[in-house]
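Next, two complexes with chain A in common: one pairs it with chain B, the other with chain C.
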Partner chain A sequence: MDAARHIADAVMPSVMIEGFAVVFHAPSGMTHLLAPPLPEILAEIAPDADGRGGGATAEEIVARLRATYELDGDVAAVVAARLAELHAAGLVRAA
Partner chain B sequence: MSEDRIDGPAHDADVAGPATADVPAGASRRRALMLGAAGASMVVTIRPALAQTATSVLTCEIPVPQPRQSGGWLLRDGTVVPPYTRGAVRPPYQPLKGQEIRDALMNGRLYPGTTREQTQAYTNYMLRLQNGQSGFTCFVSIRAK
Partner chain C sequence: MRHAIGLKIGPVAFRVGSDWAGPIAALADLYRDYPPPTGVPDYTVRLEAARPWRRWIRPSVTVRGDHMLPDALPLDLAHGVLAAEIGMNLQLALGERRWLLLHASSVERDGRALIMSGESGSGKSTLAAVLATRGWRLMGDEFALIDLATGAARAFPRATSLKNGAIDEMLRHVPDARFGAALTGTPKGRLRHLRPDAQAIARMDAPAIPALILFPQFGRPEAAEAMGPAETFVRLTQASTNYVPLGRAGYDALTRLVTAVPTVAVDYPDTDTAVGMVEQLWAALP
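Moving on to the complex of A and B:
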């Protein structure tokens, strides 16, 4: 697994509707509808309030999710795929 | 998505609802999280015309800070402050190029000739840009690809 660190974008309020997170991403002007586990992953890698720190490697994200949730299957592979999706959407960047 | 975080005291567990409801702290049974198949897509994106601005990512540039604040230095969080402010870094001598910004955002690369502190301050400055500020459209194009 790569050791690159991923961090969620700084200002990203969202609302939950029927289990989906609706995220308006002001820097890109785009709105995203996110299904689980994307909101959960974003919550794990949100930056600190002062804009410093935050972020995690894919391995750390898996560990944090395991600490909170019951997970089945090849968690590492799925988290890697989900991170790639979040990067593509511009909601996560390299920390 | 702070509403998903488990940071409050334990509360009643009868939150029947979406997969993202809170779990009482210390609950013996943790909530199952559906991860989905690796190949499935979990994002639906609504892309307004603004995000499709055809500015070339390779050629557009962003002045840091914007000309109106020219000469200002930057704090780590991207705030523009007077020159030589304690804890602030010097701005870049030239506007940052689209490709450099992309490399910094996507690959964590440093802007040429800068320290990690400078790169972080510049990136945070751009993340704070809003519509109407110099560089905003370029940054939107870079983010939206």
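Moving on to the complex of A and C:
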């Protein structure tokens, strides 16, 4: 698996509304509505409230998600696809 | 400007200047019961001739101010009040940073606000005006102002702009003397302004806590359906004129509003039915 590290682009406030994470991305001023598992992936690679730390490889994200949730199927493929979407949306960048 | 008037509507002070006396006189008449503004106006609206000679020849009004839309068309001078109203709305919609602006009418009872959002033609203005004849306080027919710090709604009780069939409907409920002059052939069709009642003006500085959000839709069979907060959030971001420029403050205010306040989509065939539905929904609130 690719060893590139991914990190949430900023400290992003998030409010859960009806199963969606309503996320505010301050650098762009845009609000995103994210369906699972995007918020869960973001949470695993988010910096702390002071903007420090955060980031993980795709493999680490898969391991952390497996440790937290009961997951079936090809989790690695799902994480890779969703990470690509988060990169495209500007919410995740290379660490 | 040759002619000018200061207006204070809720917490917002305007100065409207004009090349012509007519629109200013009409505004002075429409807002004759409002307290005079003090201090520096928040927004300036200028009603100017599209070209210098157009002050006299086929006079047409161009709306100018701090914030402008590049493709706005000039209006006939006979519709100068409409031009002033458009100008005031535009300055607020594009310039306001103190409140989250929702394109919605609102009314108040017992310190709690009912907010009605919808497209032009949904009946939100008429419904607010009718509710104001049934014991509710009119807070506004165009914008609900949501306080960024407290989440409270502030009133912006402009003269209610009624179009076409809504004029005849309101004449059933309030005397003709409450109306301004009839404007015909405007881009919005036939138009008349209704002066807010004494209560709306006297209490225009009193905020209210949002208690219920409705998305009314006139001209359909009676139906009421609860709307989830996620859909409400998306629809209100579209109904807000300043959600994006407010940034984090707008996000905080709107997420708080939609998670705290129940929302219902209300279809109704006539205003009497709508008033009944509103009273029923209001009575069922916790």
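Assume the second predicted complex is superposed on the first by the 90 of 95 C-alpha atoms of A that agree within 3 Å, B and C clash if a C-alpha of one lies under 4 Å from a C-alpha of the other, contacts with A are read in each partner's own complex, and residues count from 1 in each chain.
Here, a residue touches a chain if its C-beta (ideal position, glycine included) is under 8 Å from a C-beta of that chain, and two chains touch if they have at least 3 such contacts.
Keep in mind it's a predicted model, so treat the numbers as computed, not measured.
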item: Chain B versus chain C as contact partner of A:A95, first or second or both or neither; value: first
item: Which of chain B and chain C A:E18 touches, first, second, both or neither; value: both
item: First, second, both or neither for A:G29, with chain B first and chain C second; value: both
item: Broader residue contact with chain A after superposition on the shared chain, chain B or chain C; value: B
item: Shared contact residues on chain A - chain B and chain C; value: 18-19, 26, 29, 31, 33
item: Chain C to chain A touching residues, read off their complex; value: 228-230, 233-234, 237, 243-245, 247-248, 251-252, 255, 258-259
item: Contacting residues of chain A [partner chain B, same complex]; value: 4-5, 9-11, 14, 16, 18-19, 21, 25-40, 42-43, 46, 50-52, 65, 68-75, 77-82, 85-90, 93-95
item: Chain A-facing residues of chain B, complex; value: 1-6, 17-20, 23, 29-39, 41-48, 50-51, 76-78, 104-108, 124, 126-131, 139-140, 143-145
item: In the complex with chain C, residue positions of chain A that touch it; value: 13, 15, 17-20, 22, 24, 26, 29, 31, 33
